[in-house]
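As written, the chains take the letters A, B, C and D, and residue 1 is the first residue of each chain.
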Amino acid sequence: MQTIILLFQCEDQKGIVAKVSDFIFKHEGNIVTADQYSTDPEGGHFFLRIEFFIDETQHHKASLEAAFRPVAASFKAEWHMYYKREKLRMGIFVSKPDHCLVDFLYLWKSGELAVDIPFVVSTVPDHKAIVELHTIPFHHIAATKDDRKEAELLALASGQSDFLVFARYMLIMSKKFLRAYGKDIINIHHSFLPSFKGVDPYRQAFERGVKVIGATAHFVTETLDEGPIMSQMVESVSHKDSVEDLMRKGKNLEKRALAQAVHSYIDHRIIKYKNKTIVF
Amino acid sequence: MQTIILLFQCEDQKGIVAKVSDFIFKHEGNIVTADQYSTDPEGGHFFLRIEFFIDETQHHKASLEAAFRPVAASFKAEWHMYYKREKLRMGIFVSKPDHCLVDFLYLWKSGELAVDIPFVVSTVPDHKAIVELHTIPFHHIAATKDDRKEAELLALASGQSDFLVFARYMLIMSKKFLRAYGKDIINIHHSFLPSFKGVDPYRQAFERGVKVIGATAHFVTETLDEGPIMSQMVESVSHKDSVEDLMRKGKNLEKRALAQAVHSYIDHRIIKYKNKTIVF
Amino acid sequence: MQTIILLFQCEDQKGIVAKVSDFIFKHEGNIVTADQYSTDPEGGHFFLRIEFFIDETQHHKASLEAAFRPVAASFKAEWHMYYKREKLRMGIFVSKPDHCLVDFLYLWKSGELAVDIPFVVSTVPDHKAIVELHTIPFHHIAATKDDRKEAELLALASGQSDFLVFARYMLIMSKKFLRAYGKDIINIHHSFLPSFKGVDPYRQAFERGVKVIGATAHFVTETLDEGPIMSQMVESVSHKDSVEDLMRKGKNLEKRALAQAVHSYIDHRIIKYKNKTIVF
Amino acid sequence: MQTIILLFQCEDQKGIVAKVSDFIFKHEGNIVTADQYSTDPEGGHFFLRIEFFIDETQHHKASLEAAFRPVAASFKAEWHMYYKREKLRMGIFVSKPDHCLVDFLYLWKSGELAVDIPFVVSTVPDHKAIVELHTIPFHHIAATKDDRKEAELLALASGQSDFLVFARYMLIMSKKFLRAYGKDIINIHHSFLPSFKGVDPYRQAFERGVKVIGATAHFVTETLDEGPIMSQMVESVSHKDSVEDLMRKGKNLEKRALAQAVHSYIDHRIIKYKNKTIVF
């Protein structure tokens, strides 16, 4: 038995769930979970995620996909099927702050994060020991603001990763890099977006005197800190908290927001739509 | 166009979603939301809630139900269809503390709580003015621990309500009352169940020195404070909080937990199963 | 026995707590709570709030103040003493949305909000019945964007209130009004400031696709939505939430953030400092 | 300049803060933060924590203590002075689950947890590599339910630790061990106490169908899971969460509740009083 995840989107219309679930039934699949969303039930855009298991010896994914093609075509749908067992390859970019990195290493080692990690690359050499303890290749590429070493990074990332996580990576990558990489990149921004974009958000939050701080995981787009938001975490603060206190509290938020976003992403629960996300 | 909510449960088996959604499609319905849950996809109990809209001039609920009967029977399912527009009649029982009552009156008046309120009954006369300001009948039935006046309460409640809310009703009703009423009763208990059952839970919480307090909305059963939990709300407290502070903070939790439970209930989102709830 | 609250601020220096507490001790006062904060213990600005009780028959506030004057002067401090029993007079301005108003009326009636409410004034007549049920004078002043009727409002507010609460008051008052009123005004903004200033913040939040919404209580200043933040409340949202859902969820946040701010304010727990607040 | 923390408790009476702060002033100390609490301002028990800095070349702690003794004696107070720079030695006991351990190692390495960690001891050898990577001695003592190897553990712990943390240590230590060790032991219990004491609390929570789970850090006493509560963390769950989901979500709560308790403890912010805690 294999679990397959179907992501499916098209213009909303009658009969989608009926046809799709009938297809699964006819192939002797059993639906485990199904989630749907329509931007407007009377003529909006429709999104569907179905997780079902199926006897692989009878129905291989390739043949299933072939059989599903005409069904999807009848709705003019975009769709994709994933084997749940097939792990995505997640490349990690990290600067000096290592709290998100250490969290990922722990989650990965304990079996909670079902990805392969082909590499960790950092602007600093500091994380070598902890990364290699987990038998993950570590690369030190001393990129700086003035020399972002994008070619080198691209050579590392493009072949061997399905998506990237900027787990507190302090350099802003060029449009050229983003287009050349071409796959999803998940970033953690250390503020409650859209408040406090750009540099030193905890100082900005301190100056404004907010009573709650946040962290935001989002897809990287060509406009800084403007990509679709995947998850946000918040925590109360007070006048007693210095900028350093905000940074320390924020580390927890960053870890949790980023881990939550990545978990949803690798489970194929996140769909980008315009500049927003559907998170099933 | 009318929105219908279908609740459906049976033993888990293949093809349920396919058959049910096909039925809706064939009657030209459009699924707005669908939620499903199985206690175990390989042979557990299966629950389904589908909200769909349909042209009532073509397919009246009665004829729809008749047509659906054989579909459901083929799965040996229990099921029910509700018109979303049909409001449930919610009777309110309340003792002296009025925070939940006032909240309900506000929600109802502002159109956020889609119920009819046929009556509010209280052990004290205090709430008469505010209830009647909302043009809702108010009854003062001076029940006490020693004379719970259950016959009188039953006469009031049984005919004209679809369910009851004990919005801080301090008397424990007898099994006889519960059986005679026979419909759902929602209670708010002012602790984080299963901690601190019974009387004076805030004092119990204070004595134990907990750092978080809670409130629990649950279905009333014949065993005190043991019914299926519908919603729980929590808030941090500290050594500085006196019993009175806990009570004051708790009022907010009680209001919010109870309102959330009632909202889910009247939307037909809550299914009791054994001693637990599925809340879609 | 009377409880007195002392608020005190000056440049940080040695011996402040010693001198002030010695003063209280010598007048046979007993400190109930004391809170202090310094922006920088080595030469910042120092804030102190002490709540103490004292035998009023021996030491009346006026004589206590006279005796304290030289102590405070030795530190070049600003300070104020308040009797806890003396209630502030809180004027309420409200437009059509009444959730904050109804919450205040309930808190006031139940004894949880220790203020006098000399009046409620609204741009609409709708709230007359509920306000008058609480025996509070209600004024309908049909102010609009084009005619804010500030003179009329000022005539109402200035004499008989110690501070104002804009409990969802939709008109922006002129600098002239703010200066003429001259006392504190507390506003609730229906977003997580500094995100989404100005009009229709829930729509702005919806468009941006945030996963957490908020509400912010702040002091009104001459720059819109830029005043010192008093309290903020947040709640998770998802792609499923429409703008209307955000508004509904936000009502709860607004009530709670505003009530918390007002509670702190009337307890003399909030000190404005530059564009921020210390909330003891 | 050195920062000293004074913890002080006695029967509540007039003049305590005055005398104590005057003492600090006379020794040219500057109070950074002061917190006080009384179980009842009219005759309860009084607790004080003052953090102040002082010129150590003028006033060494030993001489300061000698000078303070008569002041404290005049109030019949219990008290203690700590140098902030002096790190406590925290011994870690851990069974197989390593999420709290890994979190502590990270916090310690990053400088956020100002303790020395003289050893980590585990019933299993699994954690050796990660502990030793942090240059902390690791001991594998294969204690079991039937042979808890308390003598060996005591020999390890008693000399070289100031307190112990049971960072998910699955064995229940005997009264004999607790008495022989004689210092504080902090435990993390994986439920929202007092709910679900004893074994397998997540299963208990699952069976009861709660909608919020929790974790509780508390001092170990001779009665299982009954010691003074230091901190509690909670998170929402739903019918969809299996026992395994609760365990996974709970790991985050356990880490955070335990880290918070330890942070407060090593800052000398926690005072045990009867079976409760004051957490300044």
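Please note the rule applied: a residue touches a chain if its C-beta (ideal position, glycine included) is under 8 Å from a C-beta of that chain, and two chains touch if they have at least 3 such contacts.
A quick note: this is a predicted structure, and the numbers were derived from the prediction, not measured.
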Taking each chain's centre as the mean of its C-alpha atoms, give the chain farthest from subunit D.
B
Once you count every C-beta pair in contact for both, which comes out on top, C-D or B-D?
B-D
Quick one: subunit C and subunit D, Cα centre-to-centre, how many Å?
37
Using Cα averages as centroids, what's the distance between subunit B and subunit D in whole Å?
41
In the complex, subunit A residues that touch subunit D
98-99, 102, 106, 110, 112, 129-130, 133, 248, 252, 256
In their complex, what parts of subunit A are in touch with subunit C?
37, 192-196, 208-212, 214, 228-234, 238-240, 275-279
Subunit B to subunit A touching residues, read off their complex
12, 14-19, 21-22, 24-25, 28-34, 36, 38, 41-42, 53
